[in-house]
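The structures considered in this document are given below.
First chain A sits with chain B, and in the next complex the same chain sits with chain C.
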Partner chain A sequence: MTGYIIRRLLQFIPVVIAATLIVYGLVFLMPGDPIRALAGDRPMSDAVRETLREQYNLDDPFLLQYGKYIWGVFTAGDFGTTFQGRPVSDIIQQRLPVTLTLAAVTFVIQGIIGIAAGVLSAIFRDRFIDRLVQVSTVVVVALPVLAIAFVLQLIFGLNLGWFPIAGTREGLYSYILPGFAMAAVSTAMIARLLRGELIEALQSDYVRTATAKGMRRSRVITRHGLRNSMIPIVTFMGADLASMIGGSIVVESIFNLPGLGEQVYRSIQAQEGTVVVGIVTLFVLAFVVINLIVDLLYAVLDPRIRYD
Partner chain B sequence: MTETNRPDIQTAPQEPEASGPEASQAEASLWADAWRSLRTNPWFIISAVLLLILITMALFPQLFTNENPRECYLSRSRLEPSAEHWFGTDIQGCDYYARVIYGARNSVAIGVVVSIGVFIISLVLGLLAGYFRGWIDAVISRITDLIFALPFILGALVFLNVIESRGVTEVAGVLIVFMWPTMTRLMRGSVLSVVNVEYVTAARALGAGHLTIMRRHILPNSLGPVMAYTAILTGIVIGAEATLTYLGVGLQLPAISWGLQLSDAQRYITQLPHLTVFPLIAVGLTVFAFMSLGDAIRDAIDPKSKKR
Partner chain C sequence: MTTTTHPAGTEQEGYDASAPLLEVDDLHVEFRTKAGVARAVNGLNFTLNAGETLAILGESGSGKSVTAQTIMGILDMPPGHIAGGEIRYRGKNLFDMPEEQRRRLRGVNISMIFQDALSALNPVLPVGFQIAEMFRVHRGFKRKQAREEAVKLMQKVGIPAAEKRVGDYPHQFSGGMRQRIMIAMAIALDPDVLIADEPTTALDVTVQAQVMRLLKELQTENNMGLILITHDLGVVADVADKIAVMYAGRVMEAADVFEIYAKPGHPYTKGLLESLPRIDAEGERLNAIPGLPPALTNIPPGCPFSPRCPYSTELCRTDRPELLPVAEGHVSACHYREEIYSGELKPREEAQA
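Up next, the complex of A and B:
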């Protein structure tokens, strides 16, 4: 197991380096001279300019700049400084809780509603509730997150006034609409995926055996049917975290949540390259680690899988 | 669903509508069977009708409105929907119905251009990777891994931000860069599933060259899933374009685009919600139509996928 983890981590190093290098390179290409932007209208002496260029490594060749940066990230957790002199890790620390809360709310909604809908529609196959789940998932899966977020904001925020439409002033309550917007598509996918898996599992021999032994139906479904159907769901939820990162940019912008996604969007507009690179690097790292955890979870859910 | 269990015997030559004189029996019956199952799928009919309207709208917007979307009078700014202006007017006093109708063209153009581009790239790369394996496969697979490590919206955001003037070509180009890996993997997978089949071995034994084998045997038999995904991808692309434009890194004024309309409307969402509602419906229906068309095609080609 340990060997497997180490091997996976080693495999991911080139991917992480290449991905961050691309982002770093693109931000490097952003138009405009950051030092001039920093100076604003005031004249700046050449000496000051030189010192600043030195301080931000702006005169180093591109690859060396990148190397210094990535070294700082991994050895000291130093994501660089904004041109206003504020450490990027500061911004990350301040914004991370919002994004994590949103991700957690999304995950809970996905898990509860997706699994409940999938199980119900598998048990009551071809009955009304199953048809309802089928039709609504077909519709939801085929809508972009942008549209779902706006629809929720218009109906439940503006028209009915049940939820706040922007900001985080009302605590966890303000995360419900954005959470649903982020979770909608994945919830529908989970419901569909689980329905298929569970229907197949419930027709299998081991379920028939369990039922024949006189086991309660609820126990048969949860212990025998569900446990065996959960593997693809876990895979899906893990892989889906990647799309959540993209979704968080959109949803946080629409609902005006001060999280990392919204910060990326803002920093791109403001040409704050270091902030963009810092947050994107963090996202890429998170993505890789999550994928690894998902892989390891398989072994827990399916004892047949052994990593050696 | 029950109709999936249709016995295969029925698919035999009953309908001799071969797509060409050389078309093999199996090919004709696969597509004929797919068409039969499509015709009875309500989702296919709904999405086909929607797409027909949409494409007409993109090609001949004049058929739907006599108003010129660029003729704006501040004297009629911010009107609510009425008999004269079905969707009301926007801040500049343009007829909003005409704006929304004319917005179809850019969305559909980007959707179609990106899909065709991705389709061609994936066909070629997937075929090469799946057929030759070895180093070609290794290189292509590592590049897809790399692009997968970047969350799509994030990557596109950073990429597009570097380009200063963005039209349909630029946005479509960046979307192609991020969209090809998924379909290439799909194509590679379906090539792998047919590359070792007996008829390929037989063709090779008879002395057929690589090109002939790929063209005559591999391509026709691995095209199904990719075709279905192309329709789904068009939907994804249109949603992504609207999202990126909404975030301010897609199309730019004076282009008429649903994403721009949404991003302008957001400031007025509490006072003038109709400005958000109509482009939103347009984006939602368009994406929905393409994606459910793709789903329907996939179900028709591979009935097994229906359980998902």
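Up next, the complex of A and C:
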């Protein structure tokens, strides 16, 4: 087990290098001169420009630039500085809580609603509740997040006025609407996935055994049926959570949440490579770590899986 | 084992101590599917007394397993449907009971062992948990106490190092050991009736004998009524007291074990016995019964066995024979049971074709 974890951790290195290299390369390839973009309309003397180019290693060859950057990340936790002289790690620190809160709210929403809908759908198979879940999930899955976010904002934010439509001023309450927007598609996927898994589990021999043992229906469903059907759900929710750590560009922008996703969007527009790469590096790390945790959890849920 | 306690209120709930342990009375079970109604059990009758082993013998599709599932109340309904009859446990009809009362019988008074222990045990729960669950749910034991009982049961059914293995999962055991765990689970609460649905079919021959011996021992010890469902005539001969031979959802013949082997009173039983490999007939072809059992959606009007029967006549094709006695404690559903029993009747040429 320990050997497995160490091996998995070592695998991080090439993954992180490859991911950051690609992002760094993409930013490098972006057309336009970042220093000129920084200066905007105002004239800038050649001397100032030279100093800035020097400071941000912009005249070095690509690989050297990248090497200097990644060296800083891993030796000093230095994700670079913005053109305004602010450390990127500062920005991450400031914006990460927003993204993490949104991820947590989303995770809880899709966990509760997705699992509940899946279980109800499976238990009342082919009955009204099941049909309702089946139809509504198809609709939700088919809609783009953009549309869902705007519709929620319009109905529950503007028309009904139940939730704030932008910003984080009302604390956790402000995250509910964006949380639902972000959770919608995954919730539908979880419900559909779990329905199928649970229906299969409830027809299995071991569930029949549990019934023959005189267990109550509720215990048969939760202890014996659900316990087995949750294995793929955990995998799905883990991967989904990992992708949420990077922040959602769409949802954070629509609800004006100052999270990492919104920052990435802005930095791309401003051609601030260091910020983009910094956030993406963090995102890759989170993704790999969460996936490792999911894999380890998998072995806990399914004792037939052993890592050695 | 701790002292045997029967579920609270057994007497108050209308059980009759003088009634037979389990009676199946004119049971009809059908499956209503889009392709039509499959009549799996068609007027089944048998009685099981305490301490008795009844073997239900029959080929695939004869309704053996459906009968077992109907007794346990674990038949999938729909598509399954109980079309008639009664199953009485200590004189009380199971079908009249509220579901909660039936649930409290399951695993406590009537319990069941399945054919394939690997799929019948929950793959993600430790075996100890699955055995202990019986005590926790039905007896309200605490976790630790229930676990101790589970270890005792595992020792009782002959699992080596039970103390160490109580936390292991089903896939970590061999086939024979898994079936022992199933048995431990089924006998945990000292049931009166144990239904074993092909308990040894999935096992090696050597292990089969061990498992059957264990079942027999436990039965004698607890004076259980054992229903042994099988298609294996060899298994039956060793352990059964009575045999009921099923065909197309009906009992064709029932008698005690020696009687049926010595003097079968039904052509089907006779055919089954003749199809067994014999040590003194080396090199000869086995006498298989020609043809296949009828489709359950389309059972012939007369005797269901008549299309395959070497003795059948016009009467067999039109009139269904009732289950009637041929000798003391020996019944057969054949128009010519007397002649078959005495061995007078010879196969008819035309039926052989």
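As a working rule, the second predicted complex is superposed on the first by the 276 of 308 C-alpha atoms of A that agree within 3 Å, B and C clash if a C-alpha of one lies under 4 Å from a C-alpha of the other, contacts with A are read in each partner's own complex, and residues count from 1 in each chain.
Simple rule for what comes next: a residue touches a chain if its C-beta (ideal position, glycine included) is under 8 Å from a C-beta of that chain, and two chains touch if they have at least 3 such contacts.
Since this is a predicted model, take the numbers as computed values, not measurements.
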Partner chain in contact with A:Val138 - chain B first, chain C second, else both or neither: first
First (chain B), second (chain C), both or neither touched by A:His224: second
Contacts of A:Arg95 with chain B and chain C, given as first, second, both or neither: neither
Per-residue touch tally on chain A - higher for chain B or for chain C: B
Touching partner for A:Thr209 - first (chain B), second (chain C), both, neither: second
Partner chain(s) touched by A:Ile199 [first = chain B, second = chain C, both, neither]: first
Touching residues (chain side chain C, partner chain A) in the complex: 72-74, 76, 103-108, 111-112, 114, 116, 119-126, 133-134, 137-138, 169, 171, 182, 185
Chain B-touching residues of chain A, taken from the complex the two chains share: 14-16, 18-19, 22-23, 26-27, 29-31, 126, 138-139, 141-147, 150-151, 153-154, 158, 165, 192-193, 195-196, 199-200, 242-243, 245-247, 249-250, 253-254, 264-265, 268-269, 276, 280, 283-284, 287-288
Chain C-facing residues of chain A, complex: 203-206, 208-216, 219, 223-224, 227-228, 231, 301-304
Residues of chain B that touch chain A when the two form their complex: 1-2, 43, 142, 145-146, 148-155, 157-159, 161-162, 164, 235-236, 238-240, 242-243, 246-249, 262, 266, 269-270, 273, 276-277, 280, 283-284, 287-288, 291-292, 295, 307-308
